Amino acid sequence: MRHNRFLGDLLSQLFDRPDKMRGKDDNRSIQELSHALMSTEGDVSGPTLASTIIERYADIEDHEKLEFFNFLNTQLDLDAGKLVETATRYAADQSVSAFRDLSKVSEPKRQELLRRLNQPTGATQKLVSMRCDLIRFVRSNPDLGRTDIDFVHLLRSWFNRGFLVLRQIDWDTPARILDKIVAYEAVHQISDLDDLRRRLFPSDRRCFAFFHPAMPDEPLIFVEVALTSEIPGSIDALLSDFRLPIRAEQASVAAFYSISNCQKGLAGINFGNQLIKQVVAELSSEFPELVTFVTLSPMPGFNRWLADETTNAEHGNSAQAVLAGSASRETLCAMAARYLLFAKRADGLPLDPVSRFHLGNGAQLYEIHANADLSANGNAQSSGVMVNYLYDLGSVESHHDAFATHAEIQASRSVRALATVPLAPAPSST
Amino acid sequence: MRHNRFLGDLLSQLFDRPDKMRGKDDNRSIQELSHALMSTEGDVSGPTLASTIIERYADIEDHEKLEFFNFLNTQLDLDAGKLVETATRYAADQSVSAFRDLSKVSEPKRQELLRRLNQPTGATQKLVSMRCDLIRFVRSNPDLGRTDIDFVHLLRSWFNRGFLVLRQIDWDTPARILDKIVAYEAVHQISDLDDLRRRLFPSDRRCFAFFHPAMPDEPLIFVEVALTSEIPGSIDALLSDFRLPIRAEQASVAAFYSISNCQKGLAGINFGNQLIKQVVAELSSEFPELVTFVTLSPMPGFNRWLADETTNAEHGNSAQAVLAGSASRETLCAMAARYLLFAKRADGLPLDPVSRFHLGNGAQLYEIHANADLSANGNAQSSGVMVNYLYDLGSVESHHDAFATHAEIQASRSVRALATVPLAPAPSST
Amino acid sequence: MRHNRFLGDLLSQLFDRPDKMRGKDDNRSIQELSHALMSTEGDVSGPTLASTIIERYADIEDHEKLEFFNFLNTQLDLDAGKLVETATRYAADQSVSAFRDLSKVSEPKRQELLRRLNQPTGATQKLVSMRCDLIRFVRSNPDLGRTDIDFVHLLRSWFNRGFLVLRQIDWDTPARILDKIVAYEAVHQISDLDDLRRRLFPSDRRCFAFFHPAMPDEPLIFVEVALTSEIPGSIDALLSDFRLPIRAEQASVAAFYSISNCQKGLAGINFGNQLIKQVVAELSSEFPELVTFVTLSPMPGFNRWLADETTNAEHGNSAQAVLAGSASRETLCAMAARYLLFAKRADGLPLDPVSRFHLGNGAQLYEIHANADLSANGNAQSSGVMVNYLYDLGSVESHHDAFATHAEIQASRSVRALATVPLAPAPSST
Amino acid sequence: MRHNRFLGDLLSQLFDRPDKMRGKDDNRSIQELSHALMSTEGDVSGPTLASTIIERYADIEDHEKLEFFNFLNTQLDLDAGKLVETATRYAADQSVSAFRDLSKVSEPKRQELLRRLNQPTGATQKLVSMRCDLIRFVRSNPDLGRTDIDFVHLLRSWFNRGFLVLRQIDWDTPARILDKIVAYEAVHQISDLDDLRRRLFPSDRRCFAFFHPAMPDEPLIFVEVALTSEIPGSIDALLSDFRLPIRAEQASVAAFYSISNCQKGLAGINFGNQLIKQVVAELSSEFPELVTFVTLSPMPGFNRWLADETTNAEHGNSAQAVLAGSASRETLCAMAARYLLFAKRADGLPLDPVSRFHLGNGAQLYEIHANADLSANGNAQSSGVMVNYLYDLGSVESHHDAFATHAEIQASRSVRALATVPLAPAPSST
């Protein structure tokens, strides 16, 4: 394995590039500037124009931003009439020139604008932020969804797996990056750097993140891993200040206990699947003793579902008991198993979003634990229950296939057994 | 200016990523694998499938490659009928859902295939090589031009300026990269590393290249610069083994004497314009004494044009004299000026490709030099004449605009004067 | 300025060196191992023996360590008899061979042992720690001072300025290093990383440290700098959470407000003088607008001195008033000026250690500020008074010379004036 | 294994340090400057004074350099009288203060001067060059040997194993370093970088060097290694342009075929022993299949010895035949075995310097090959014979011990057998 030093070195300069071509005082409107960027002026002065637009965007108010997005959405849309015309021509004559004409009109002009905006230093990150705004505006301006489709299309192409870099996050990582990890942790909150030290420093803890070369200060997604000797059944025990760390070499289990997406502007682009697989590969190679890769996951929709089930003929009484905090541990787990196996959305996929994610990745429902997350949030969302999903690399592909094709849920025998425990029905309302 | 060390470090691992998910023995055909990569199987096993396809491609013969490209061209084309249908619907109803449907069919499926292929380590470079093959096949299979349009579209998006890194090439550069510079130099040949040392090592020489993070071993384009005290008028003097280097701080002129594109697979994507401007910016910032930025450029179409002009009423005789090597220095320069100012293609742009490039960048024709390149190649192509194009940052934009809009050529007074020198007409054929 | 990337890269491997030559199970005593290391066995198995000794040392109890130091002190001392003999011979005959014999016996054997111990990875740091122990033992075993002289001699040679690296500490620094800065800050306490962020992050703050290549995780000394528009007169204002940072380019003053030595094991080796000068040079070069380099320094011996002066005929009453907290600001400053200018040790040098340090570096006593450090410590040590020492590079050398030769103290006119303010004498004891 | 990125980064700045404290115009003589550097002036202006001295030294003529060394040798010698006096006092009273006094006079003042010279950027390398001069002068001024002893003492302490960095040299190494490898190769000449590519590039070749952080552009020593499937018996075959490289993983033998010291100024400081052992450790760890570590070494004193043996009663005739090129392969090898086993210096150690080096490291004489080096040099020095020394890590220590203590030579059975082959005596001179 050749160590590519040159690349490291070369990239370290990516963001040192002084912006010598800064936007001059240009008092055209952001719309005029956008047109200029797509004209011949943009051919030669593209980076300057792009800088000016990006700076201008940063300075304007929300209503002007909305105006700008409306401009993208309508003025820089594709010309459907022309598209019909050229597509019709291409349907008749599949010549190269007909295809060239077609390909010129089959894409909204705003895509080319976005590509041309991505010229100055740091522009990629600005475009990702721009999409954050856009997502916000779409809520009350659903028509902007058309522009959002183009943002997603382009960002997905640019944040392609081939361009991402997996990076271990540890105590040798610059504090600037660690601050981001603290801020972006979405599952089990981290209060500050000193709290983060407890997550990263011990010998049996790991953290990995994906980065993109054009946004080196910004993790895209990260996962926290505990190396343990047994499949963990409680996040509280896992994160306890009083536990004794083991040596990484002694571990047989890698438990993924927190996965956080960092960039709202990249919503809809799924990095999690590939992050988990890459981390499994990295850890297996460094620690050949690791044989089991599981998650310790929350069940965020459990209590909401329970609330809907209180009148269910078969297990309504148990649902009430769980919500009231008076259910036995067995009942708790049995209800959780029913939730995970049988609660479905209209499209037939599991109701639980975390479950959809892991099962969609080809993982298997493996074990259910009561009293596993006794934090306020853990109690409120899922009555303290947590789940292990098992990533068995040998069967990930066939599991994924069965899930993707038939929405078939893979579960261990013990989880299946839990779901068949007879439960107290809802009291008949006489 | 903050030095981004973390990025450098993080990127150094981009290519160390061991390919732990190598293509297993999979005996499906490359076409079947491509379909699989775009199906749900690709969602979870994308990197493995992509690796397998890339390895398979590397192993197959030309006729199988051609078959694969034909598959892309026809099987993975867009469905024009469906496109007409959804575009018509969108023309009538510009709803988000209509747009979503449209955007799903407005792009040939091969684009998604190429994006999905770009998942394993080093895939980007493999796709660039794939396009080298494609360009070759297009010659005798012009229909494949459709697929080529999609390759260019995608590569242009991925090799966007915002993702490129400018890097100085000097004697601290790894030999592996220097080997590439030797191999790719297209203008004034470099015989080996010891020859390259003469180009890179002296205190008054510089070389800069663009790189892409996903292809760190491969320069995309590079430019060689001489720092001088006067505008140079001879490449032979510039590269002479006997000249005395000056200190970089003493130079007032930066002469760009060689620009080479390195990647045939990126043909049609223009990096030159931005490279020159970035290097001008870098050099100005490091050496504030530099005031003049010029090229010392070949004139590759000159002799070919002369051969066509031998019967021209006004200057046929001079054309003959130049080709015969018997013209005076003045006649030589006058003919060169006429060539550069008046010889045009059907579209009204200059006949000379180097001239089109620099004028298109907003440069100005500045000076013409006889006996400037006495190499075999220099004599055969342009009778030893070379040209300086001046990059005056203050007027680059307006020049470009005039050229792009009206094909107007900017030239210095002295070049214009040369073009009006009266010349000997062709002998009347009595 | 050529960027030495190769070095960076090469050094990054210094500490990755896996210790493949670990100390085998060797049950000889640490004394026997030491003899072996200096014998022919050490020629070939030096690194292994050294590792074994270093590990053994880490495991033993204090009384065994003391025994080991006594062994160094007596068994590995020089042979004074032999030294007299060879020195006498050399005095008579200054031949090379006489000198060689002399140089073999003129150095205690323990120096060679220490050099030979410094072979395995990380040994340098272990030897520095060893000296921490030694310093502790010397207190109750003053005879060990002989061994300490040899430790200092060797460490001073190894931590020579030519081997040190100046490094800016900022928010891109690895957290592992930042933890050390928090721990080692000796002047104005930092509570944790979040507190450190307030010191390092603002645009008008800088921190620099010296490192040694063989101890890359360990700063040797660091200085914290505030870039300001005026000479600061209060540490509380300087560190206030509510102040508004300025842009570094706007600053005209660089104020060194905290200097901390990090390595107890390097006590007696002065890095401060050179650190300050190097940082002045770095900052001047980055910010040409900086014209004034001062410290904002504590006066740690002030209150102790005041306590001794309460019966002084001339200013006893004022001393009492200061200690009682009832002195006017003018009296406070006048007493501080007297302390700094006139309070001397037996050797004629200033009583105040901070003053000795800066004046010894060639700085000048510049201004005195009351109510400048109102922390518990600041009040207890110096009644809240702080001092600016001015580093004027033009006169540093002559000032140092006058101080080193004649103990002459350089002070500004205003400080001198303060010292002549008439003060209330001690009440006559009738 | 934690990757120490911070160190790499920090060190990369070691040599970027701009010399802001350059030697001003100082017209004192180099001797006066030296005195100043050791006085109080040196305390504060040390780096400037040191720079001035180093620049001055670079500018002066040989006779002035000689004068400077004579100054070091006599004026900055130790004061033998004072040394006798303080040593006598210490012999009587082993107090700390007596020891302190002694340690102040037991070292020549020139050592402190050299330490103080080592303050500016790049000084270490300048001091190493200074010693190159010194070695030259010692030849005709043997008295300077005293000063040389002090240079060696100090350099040995500074180039201690704990401070060295092992670095693989390959095609990713900066060309600047590769140039040095070409220049310093001392055993089997390399003509230029393209020749070096043949040594470094193939998959079955390795090269490793030691560096010192303060001289990052200068390798100290390097070794070239061939990974092979059999113990090699010919350098010509090993370096042949026509051989087929194997994959490194297939190799069972690592053959060290060239070791070159790079710094004449470090003569007398042995890095070879530790380099070989470190490289053995590195290679074993990367390629567990490697089981045999041998050299393929020259025998530089063979022909010279043969010339002395032509009249030897037992094998004079054979010696003549070898020199005449008429000996059989068996005779050739038999004479080589006698040379290696029995030809000794006055001190009982082997006559052959390469043999002394490897046997001194604990290696074993393993095999002898005729026609192994047919280069002009190989024929002239050793009639084309080469030797394998075997490094068997298990017995290196005991072999070294036997060699160091009793000059006992370890040799394989086959080499011993060769030495007993009966040979033709010298013709009796009647």
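Each chain carries a letter (A, B, C and D) given by its place in the written order, and its residues are counted from 1.
Please note the rule applied: a contact is a pair of C-beta atoms (placed from the backbone, for glycine too) under 8 Å apart; a residue touches a chain by one contact, two chains touch by 3 or more.
Small disclaimer: the values here were computed from a predicted structure and weren't measured.
Chemist: Fewest touch steps from chain A to chain C?
Modeler: 1
Chemist: Which of A-B, B-D or C-D has the same interface as A-C, meaning more than half of the contact pairs match by residue number?
Modeler: B-D
Chemist: Round to the nearest whole Å and give the separation of the Cα centres of chain C and chain D.
Modeler: 37
Chemist: Can you compute the centre-to-centre distance for chain B and chain C, using the mean CA position of each chain? Integer Å is fine.
Modeler: Computed value for the inter-centroid distance: 57 Å.
Chemist: Centroid of chain B to centroid of chain D, CA atoms only: how many Å?
Modeler: Roughly 49 Å separates the two chain centres.
Chemist: Got the chain B residues that touch at least 2 other chains?
Modeler: In chain B, residues 2-6, 9, 172-174, 176 touch at least two other chains, as defined above.
Chemist: If we count contacts the way the header does, which residues on chain C are in touch with chain D in the complex?
Modeler: 1-18, 20-21, 40-41, 43-47, 77-78, 80-81, 83-84, 87-88, 90-91, 94, 96, 99-100, 102-103, 106-107, 115, 118-121, 123-124, 142-143, 145-146, 149-150, 153-154, 156-158, 160-163, 165-167, 173-174, 176-177, 211, 213-214, 216-217, 273-274, 277, 281-282, 284-285, 360-362, 396-397, 400-401, 404-405
Chemist: Touching chain D in the complex: which residues of chain B?
Modeler: My answer: residues 5, 9, 171-176, 178-179, 192-194, 197.
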